[in-house]
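Both complexes shown next keep chain A, but they swap its partner, so chain B is in the first and chain C is in the second.
Take a look at the complex of A and B:
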């Protein structure tokens, strides 16, 4: 039975993927928490007196994040006010149960909790969306809507920043996925530990677990006896991310430091100046930051509301084409001029940009 | 000679592959060689795992992303699949692949 590498004399309980060290329970807790504290201070994720919303799903990552932030905030006097923010996508049998776990977190960690639903924000639950779009592209809707929902919730709660539970494995997975898709705009920004600050791009987001391995998060939750909810999203088996995830886990088995190397590569990559990247603007319909005239959420929502659920799937040039065609049809028929929120109105005002 | 009694546990979503059972006490039949975790995995595949084997197993081991603890110690410190099972060992499989 190996002894703790920290020479404390105790029995080791875990082999660290990052370093290969064998640590006992207490030394592991200490290393785990200290490294997150180091990340937070080194990257200046927070400032004193900030209100921070923890994006809480009830899963392992956000549960560990809430626990550790509460602990570090007290231990190192960050001076933060911590709140929990949860999104209810409206997926029967998935989110219902995990929201109960979030409520338990609220009680255990004594933090206020705000739950926002897709139904309230967009008028559609994921169950209803899947009924319309099927199970092939539903994750696109869910992901786009969740991102905006967190921002809207954060604005409602008047917080200074949102902390998410993305871990090292998640980020490496996203780097891989963006490489596989050739999505240079996302590849460039997906490793940033703080996003959305300074550019008028909504409320800043931070990832305190960016350098924390998934294995250690699960082990930490287990040995700390933290209650979390785990399930498979009932719609997820078809998600593209699953392929990147399997590839990554296979690589990680050969050598866990591959995770850090992929993140390092993603951080160091510079996109050629000759590559044209979309510049960010604000959605003409809702004002949310967007690379297109209409943000993805508005396009997807418009598609759903018009019975054209596939509108926002695929290339944005196709959306322009469909909406432009509709615009001319509508100019002739005048059918939706009266509709208050019809996107044609916005498009008419900006028709030059559409060409 | 007696059979070998072992407590097998599932967590982190792995229990979803086993009728939502989190704890199973099993008796491994007597055999010539010693029981290792590699043998246990085959036994689990034949006796407990009814569907979607690829979600739990890969090759002669567990699927990458499933953590294994023997009596609350990481199996990576205990020779992984080659660990020789002792009577009344508690062997826990935790999935990291399930979300929240």
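Take a look at the complex of A and C:
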């Protein structure tokens, strides 16, 4: 083994995929933590006296994030109050086990933990949803619901921001996926390290591990002997994201620094001025920030509750059409006028052409 | 990179097009989508069917509309047309000839000059075929050897030939294009030099426009490749409608919204002869980013038929950052350099920091401050080219 690049005199134990440097265990810990510290200070992710919720799944990313944030908070006096926030999607064989890991983290790192479940928030567990939707497109439900669930949890805990464990690989994968799907609006914002702080009343989300390689996170967790849960979600293999992930893994084999290239590309892409992007408004049903009149979560939930589980999958214009048609039908028959919560009442636009 | 691994035209004409379709689809598709009367002969985008006449006029219109809508050429401009092996170039020449010969006000007014860039070994038989096909359209033709351009590019007069026999007489036996030991860097360099060659030849021949026969698959592949190499800011140049990085010469990709099936059928119905280089059937072993992405896009396209068009249309909607328009150009790719402001952290600076901290951890530990770390400004090469150049210098 070569000597440590940091000139400490020790033998190196690993080669960093990002730069090719060889480091010993202690220097790797220091370099790894200092990089995250640099990212946090350079991008001003936190301000003193903030309460920060760490979105904890029990996986490697969130475990390392919780560990490093606690360590840096103490070492550099960030003055943060850290709490753990977990979402129980209700996936048997995956989330039930990983939540035990989160509970262990709560005790090890002495942070309060709040768990919110899909069952309580939406009345459906992922297991039940998959039963209705099938194995395809189920990640759409889980992703949409979790995003909102984290916000609701953060509001309950009255935190100032949410820190998520998205790493460099995740961001690069998202850039590729948004290009493949042609999602310009998301392509534009997916590389931002802080989101949700500008417009809307959402709670800001930060990604302190944005420039940290997944491989290094795994090595860090391994050498620090951190306890984490490492099973892939049982429903994930069919997701479209998998294609982008596969491409990224193959590219990484050619040259691991391609991950940083892709993030650099994502950061420097500019959308043409004469392209119209959807503007963010608030959902007319639940008030949550959305690009459509009705947010995705409301549409998906409505679909589930009405036995039309595929309602929100695909074009949003179709949803609007179905719901408006129904609204008119209902106006004639008075069937759901009494029902207070009917989604169609919150649909403002009547301009959809009815045949 | 030229791509012609779908070179064989599909012999799917007449009633055979219904093969494998359900009865319902047959009913929906028994009339041409456009004229609503004739029997269709081709399905495009997996859903729209056209008769022969509507398909051909549609293709011709798409080409002319692309050139007209984007205000690409001025009247009587000389246009350098890059010829490559495969369907696309033959279609391009035919579309140009048809548009030039129109007797209506929509007649295209430009003067094409065709160029073929010979790479690696060249079969005289194949060069003869090129000569025949270009002559049949009555366009002037030049040959240039890529290797000769690399070794003797300053004197274009000596390496540009109107006749392929002259080129072969002077053809160098040695390969003067130095390949790096990195397949991705080699292919990237080849692309950059090829573009440079086209720009210089265009200037030499008094052309202001270059047409390259990139089809949608090429554009999609190049777009994802550029992203993977860190050229995101330059996507409008690398893969957009036109490349304006040279102040005098604009490189245009007029076939960017055509796919290989469309052009194969275009050639078959126009009874055009296909010109394919015997050397150009590639074997992909996926050791370079370019090859890997080419395979990936083609495979994804099979399961998600909108993939290529989505990626190409995404590319259409990107623009160059206005703040860099006046910046110095990269010494290799000639794209304007991005300013690396010290206020915002980006992926390049984060990587530089990782490199710094991995070597200077002891310095940092003294006072725990980042003052010693300097944010690097890339003055000579852009982010992507600075990585490529490392391989060249090795």
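Throughout what follows, the second predicted complex is superposed on the first by the 346 of 355 C-alpha atoms of A that agree within 3 Å, B and C clash if a C-alpha of one lies under 4 Å from a C-alpha of the other, contacts with A are read in each partner's own complex, and residues count from 1 in each chain.
Following the convention adopted for this analysis, contacts are C-beta pairs under 8 Å (C-beta built on N, C-alpha and C of every residue); 3 or more make two chains touch, one makes a residue touch a chain.
Values in this document were obtained by computation on a predicted structure and should not be read as measured data.
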First (chain B), second (chain C), both or neither touched by A:163: neither
Which superposed partner A:250 touches (first chain B, second chain C, both, neither): both
Which superposed partner A:260 touches (first chain B, second chain C, both, neither): second
Chain B versus chain C as contact partner of A:133, first or second or both or neither: neither
Which superposed partner A:34 touches (first chain B, second chain C, both, neither): second
Chain B or chain C, by number of chain A residues touched: C
Partner chain(s) touched by A:149 [first = chain B, second = chain C, both, neither]: neither
Which of chain B and chain C A:2 touches, first, second, both or neither: first
Contacts on chain A seen with chain B and repeated with chain C across the two complexes: 250
Of chain A, residues touching chain C in the complex: 5-8, 16, 18-19, 21, 23, 27, 30-31, 34-35, 38-39, 41-43, 76, 175-176, 179-182, 184, 187, 193, 211, 243, 246-247, 250-251, 254-255, 257-258, 260-273, 275
Residues on chain A engaged by chain B in the complex (per definition of touch): 1-2, 11-15, 22, 57-63, 98, 101, 169, 214-215, 217-219, 222-223, 228-233, 236, 245, 249-250, 252-253
Chain A partner contacts - residues on chain B that touch it in the complex: 11-13, 16, 63-65, 67, 69, 72-74, 76-77, 94-100
Chain A-facing residues of chain C, complex: 184, 223-224, 226-233, 235-236, 286-289, 292-293, 296, 300, 307, 310-311, 313-314, 317-321, 338, 345-348, 350-351, 353-355, 357-362, 364-365, 368, 370, 383-384, 387
